[in-house]
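Chains: A, B, C, D, E and F, in written order; residue numbering restarts at 1 for each.
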Amino acid sequence: MPARRDPAHRTLPRPAGPRILLINPNITQAITDRLHEAALAVAGPGTTITALTARRGVPYIASRAEAAIGGVVALEMLAEHGHDADAAIIAAFGDPGLGAARELFAFPVIGMAEAAMLTACMLGRRFSIVSFSTTLGAWYRECVEQHGLSERLAGLRLLDGPFAHITTVGEEKATALVELAHRSVEEDGADVIVLAGAPLAGLAAIVRDRVPVPVVDGVQAALKQAEALAALRPRKAIAGSFRRPAAKQTKGLTAALAATIEHGE
Amino acid sequence: MPARRDPAHRTLPRPAGPRILLINPNITQAITDRLHEAALAVAGPGTTITALTARRGVPYIASRAEAAIGGVVALEMLAEHGHDADAAIIAAFGDPGLGAARELFAFPVIGMAEAAMLTACMLGRRFSIVSFSTTLGAWYRECVEQHGLSERLAGLRLLDGPFAHITTVGEEKATALVELAHRSVEEDGADVIVLAGAPLAGLAAIVRDRVPVPVVDGVQAALKQAEALAALRPRKAIAGSFRRPAAKQTKGLTAALAATIEHGE
Amino acid sequence: MPARRDPAHRTLPRPAGPRILLINPNITQAITDRLHEAALAVAGPGTTITALTARRGVPYIASRAEAAIGGVVALEMLAEHGHDADAAIIAAFGDPGLGAARELFAFPVIGMAEAAMLTACMLGRRFSIVSFSTTLGAWYRECVEQHGLSERLAGLRLLDGPFAHITTVGEEKATALVELAHRSVEEDGADVIVLAGAPLAGLAAIVRDRVPVPVVDGVQAALKQAEALAALRPRKAIAGSFRRPAAKQTKGLTAALAATIEHGE
Amino acid sequence: MPARRDPAHRTLPRPAGPRILLINPNITQAITDRLHEAALAVAGPGTTITALTARRGVPYIASRAEAAIGGVVALEMLAEHGHDADAAIIAAFGDPGLGAARELFAFPVIGMAEAAMLTACMLGRRFSIVSFSTTLGAWYRECVEQHGLSERLAGLRLLDGPFAHITTVGEEKATALVELAHRSVEEDGADVIVLAGAPLAGLAAIVRDRVPVPVVDGVQAALKQAEALAALRPRKAIAGSFRRPAAKQTKGLTAALAATIEHGE
Amino acid sequence: MPARRDPAHRTLPRPAGPRILLINPNITQAITDRLHEAALAVAGPGTTITALTARRGVPYIASRAEAAIGGVVALEMLAEHGHDADAAIIAAFGDPGLGAARELFAFPVIGMAEAAMLTACMLGRRFSIVSFSTTLGAWYRECVEQHGLSERLAGLRLLDGPFAHITTVGEEKATALVELAHRSVEEDGADVIVLAGAPLAGLAAIVRDRVPVPVVDGVQAALKQAEALAALRPRKAIAGSFRRPAAKQTKGLTAALAATIEHGE
Amino acid sequence: MPARRDPAHRTLPRPAGPRILLINPNITQAITDRLHEAALAVAGPGTTITALTARRGVPYIASRAEAAIGGVVALEMLAEHGHDADAAIIAAFGDPGLGAARELFAFPVIGMAEAAMLTACMLGRRFSIVSFSTTLGAWYRECVEQHGLSERLAGLRLLDGPFAHITTVGEEKATALVELAHRSVEEDGADVIVLAGAPLAGLAAIVRDRVPVPVVDGVQAALKQAEALAALRPRKAIAGSFRRPAAKQTKGLTAALAATIEHGE
């Protein structure tokens, strides 16, 4: 059953800070660990973070097809584990399943790319997205377009060529990524750099002083936005396009996701 | 294994017309039947249409969450049944899984919404989308935006209120839909009407003379576009964002989809 | 008198495939021959193609002024020869006279540029236009804008420098055009290449295997779209901005065009 | 031969103010007279205006097809009469042939719609176009889009229904047009009203006090812009997309237009 | 001198939460009090808020001219009081002076409108802005455009007619504003409502249960974003368009603002 | 008190040409002199130009913060000196205070950047802005966006590196600016060059023959537009977003600006 809290309880003082569910929709635990660690580094005093790795899917998401699969996997994970979350983060840069999750669940759902970009918007007029593989380009670009933020994008710069291991690509490529950031500032007019991709979680703090403009770390931005939304306690829409879809029969879905959809609004 | 034909064979004369795979990503066979029948009505002499209904999912798709699920189901179906297709149609109006399918498979994949809108573009400057339920609005609007066609959209008009049965909603609501089409022309400046939604397959021919501008039937437009692309025989991209993603390990996917992704480019 | 078929006849089975009128709005017969040959190579079994060369105008169209003249010439040709066409193609890449023709005539009119671009849209997210002369640039770019497709354009790449003869420029420049296509993919992010310009008709098939993404041939795309629209038999608008303009007096026009305009809706 | 003045002469003091050629691309002399009179009312002390009526075409332009014809007629007129003009105005609201004329001729060419809209931009953030017939809507809207000014358009409001005579429609419909202007301000947020269409020339001065925001008269704005450009004496481009097209053979054009095109750059 | 903290200190644990400077650029203390109170209601445990009222300007800002003045006043206030701020909020809905402040000062500066809109983006696809006076319309609309967020705007709905007092207009008009919110959801497709305007601070919490979608309170969103940015500690740009302008002579400015500009980067 | 002429007087013949107020919102008299001289070179026979230098502010404006200050200074100057102006020019390229001035004053107010860009629009499809310092880039780009003219912008090219003196930077850098203009034409597709920045006033005439497309001088375009608007005598809006704001109390403003705001509509 999807997460729902009795509204009556919402007015009571909460004993502690927000409970944030951090969903990694790929199957690599080491990436989840990086994400978790980077998020903890900026978390508020009372915040609790539960980080989960997908049980099915691919080791990392780098194409439209993998993102489509990751999106449904994210829904499955949120349906199963969202019970008492105050907010959740889908921690893949292209925000797979984000709009769908916002329909289905009562708690705020944060997309790592969206949170990073919106945070970047408050630090300058135009941001550039910098990441470690050209294969990510089309997916990321479509993500920017789908969020309606193309006007704020100065550019998208991606490293070409192979890397040793997906979980340590940030450290391996740090210098090359810093170089891309410099070119984004000088040639593309970027006011802010977004270091994109779950495997780069935590890298921003390391390279911060080597980049001449603010650098946004995706999962850290997402964590702060999750805390912000948890504190603002927005109501779940009961009208408009993000109200819960009407209850509907399902076939062949995971138990928790089926229950969420069959229960309906 | 995904559909691949030996390039050497492509230059030989084909014994017959194109084989089109018509994928209905919802689980309602009666909607598949409607789609199939409407497509057959405009098919070329040698065209073969294979129509398939999803084995898992929901009875019809009307929200972002259902579309996310339907998109993966479409990939599963294409992976399992696309072997000898010359082109395939994803026959749900919001085109779930379309970009992902174009990455994974060597044959052209047509989205019903995209085909309908592009066909409408050749019949006027601005088209309106008319359909039977306000719940479809956000999904359809985002579909138009994601195809970069908002500039061509005159408007989106949807019926409000319940309907008796999803498989016959077109006949039930024909008069009301014609009325919406008239208002789209008069108030929104539509030059063309797109009747949207798989359950309305075949309705355009019935109401054609009661609407003062051309009416596009989604699956019929898709079928003709599938035939067109099959005849043009575009090569599968081996560069750019629609080349096949590199082979990648998977976990927990259907056998055919796993094989497609694990095989890679 | 403009082409009009008795609606009663439309419901009878047609004895053969569609009759497509292929209008070349420049005065060079050799270009018409290239267009005709390329179209025939992809035509369906029953399709009849009538190809016509303009009797007045310029040898090829490469500027706004020449396109303005070519647009009226296209209207004159359609008025004179469109009687029993099921669809017509204006076979110049900038689509001169396209909107005007869609107002005046009852049969579908296909623009070569529009058909190529819409076909390209179904083969990828962003296409690039590649052609043989920088003088074409502004006209082509404005054509893309006027069709509302700028969001889908990855880039426009044109050869610089002279060529030996307009009717064989494709063969002469094939290698250089392939090189431009490669740069469009690598530097501009093109998923599809549109080879633009009537003189390049037929070139796509020749260079197909040397370009790593799908290549669209303008007149072949136009022919398939003409067949598709002929099969869908859209009604002529009697409302909206593509209904026939009201009958109006004329002075100094060709007999057939005058008759078309004076007849009116 | 197209208008060219010896550059050496340009540095000499001019004996009088600018010579403005006012081209009416329709065949109705009474509309030319209205345009001429309205232009004279705001002309500078030394300005000379030569007003010409088309010898071929239609009584007034109200559709894409009529505009296509009017565009070529405008080129013919400019080629024949532009010899010693310091600037020319194409006095039809949709600016038929404007871009083409700017390529072919050395003197500045002003479009009535463009001049009106740009003038309106200096009087507020968003303007509305108000005119006397719904049939003008699509042509006008496409004109705004082609000038890249859609972001500045608050709305387009057009009278529905017949009128007695095209040359006096302004006086006949003055009250209804004022009413549309009021609705444009109140409902669409217009800061400025553009009274569009050659037959409305001179009306703005009459209704000025009955509209609560500035009202722009198309031909008056065009005349002032023509004077402005004549005074600034911009050089004719010899590079970029508005340099004269290379000399090219022609067939079947009017003598003056043929000479212009055959002469080339 | 503008606020600058010794970088060496940044790595030390902070004794308490962030110090947020809340700038009201109008001269009405009662509005500052409302803003302060609403911000406190959602502030984190350690956050310190210093709220300041402008010493010069107008009682409330409702036009471009008043916003221009308010923008400079905001710069003056930030220059004088920003010394030890961790982040600052310019608490007028149109964000007067925001870009300028981000250039001049080393601490993050939050605009109330921008923060509200970006927060709304995470709660739905399209937001509507609802406020209490039509005179605010143009200023707010231009603010949305300047932030590049027009694509996310469902609409702007404003009350017409007078109000009793600017500091209590929210309570006075609560029912009418809720009604506008309902119409925004039903007619404009808003997924989220932004209650705009400093005088409405705190109203969202009161009407929350009467609006069927999430309601964003501007100053509360701004406070949470200020806390988020303070926690992320972005570096001050030393390149790009938000580095500090070079030192420059000034004349006639307030002492603190003059010192800020004369000091330079 | 703001400039207001008795409407009754407007119908009387004016004894002479228009009185144009030329406002330089920076404190450098030598720049005012350049602007004045360049404007005089194209002024009509009866035009009177009064050129004023700001009494407070900075020596030249090159950042958002300086523009914000310059905008208010411009309002102060217009309030003090606009009494009998027929039109006024804010002669800084980014148009500081332009929208605000149009609200407050009854005479037309011209922005130098807007006038230059709109004039350029009549000379080609796309213009490029060329200026002498990269620090101007963000301010100019935002100015283009705020005028809704991004679609017409081919590019923005700025010199890098120091210059000897702001008042003679044009002569010093003439060759380098011409080189940038050439690159704008060749690489960016510019049809027109706008030489931007008050310190470059008068340079266009000097480099005119060395640039292969028309070159627009900002203050000269502004002067001709001011004359044009003065001749058209648009009424002051009494509705819409440019009507004068309602009278409002002020505190701490200059006497003339306070009187203007306190007087109100």
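The rule is short, and it goes like this: contacts are C-beta pairs under 8 Å (C-beta built on N, C-alpha and C of every residue); 3 or more make two chains touch, one makes a residue touch a chain.
Quantities reported herein were computed from a predicted structural model and do not represent experimental measurements.
Asker: Can you list every chain that touches chain C and also touches chain F?
Answerer: A, D
Asker: Considering only chains that satisfy the touch condition with chain B, which of them also satisfy it with chain C?
Answerer: A chain counts here if it touches both chain B and chain C, which gives A, D.
Asker: Same or different: do the copies chain D and chain F touch each other through matching residue numbers, with over half of them shared?
Answerer: Mostly same residues: over half of the interface numbers shared.
Asker: For chain A and chain F, what's the span in angstrom between their mean Cα positions?
Answerer: 45
Asker: So, what's the distance in Å between the C-alpha centres of chain E and chain A?
Answerer: That pair's centroid distance is 26 Å.
Asker: Give, as an integer number of Å, the spacing between the C-alpha centres of chain D and chain A.
Answerer: Measuring from centre to centre gives 53 Å for this pair.
Asker: Using the touch rule from the top of the page, what residues of chain E touch 2 or more other chains?
Answerer: 99, 102, 125, 137-138, 142, 189, 191, 241
Asker: Work through the pairs of chains, note which ones touch, and then classify the graph as line, ring, star, complete or other.
Answerer: other
Asker: Within their complex, state which residues of chain A touch chain E.
Answerer: For this pair, the touching residues of chain A are 42, 44-46, 99, 102, 108, 110-111, 114-115, 118-119, 121-125, 147-149, 151-152, 185-186, 189-192, 208-209, 211-217, 220-221, 224-225, 227-229, 231-232, 234-243.
Asker: Could you list, by residue number, the parts of chain A that touch chain C in their complex?
Answerer: Residues of chain A touching chain C: 137-138, 141-142.
Asker: Going by the contact rule at the top, pick out the chain A residues touching chain F in the complex.
Answerer: Per the touch definition, chain A meets chain F at residues 125, 189, 191.
Asker: Of all residues in chain E, which touch chain F in the complex?
Answerer: Touching chain F from chain E are residues 27, 55-59, 62-69, 71-72, 75, 97, 99-104, 135, 137-139, 142, 145-146, 241, 245-246, 248-253, 257, 261.
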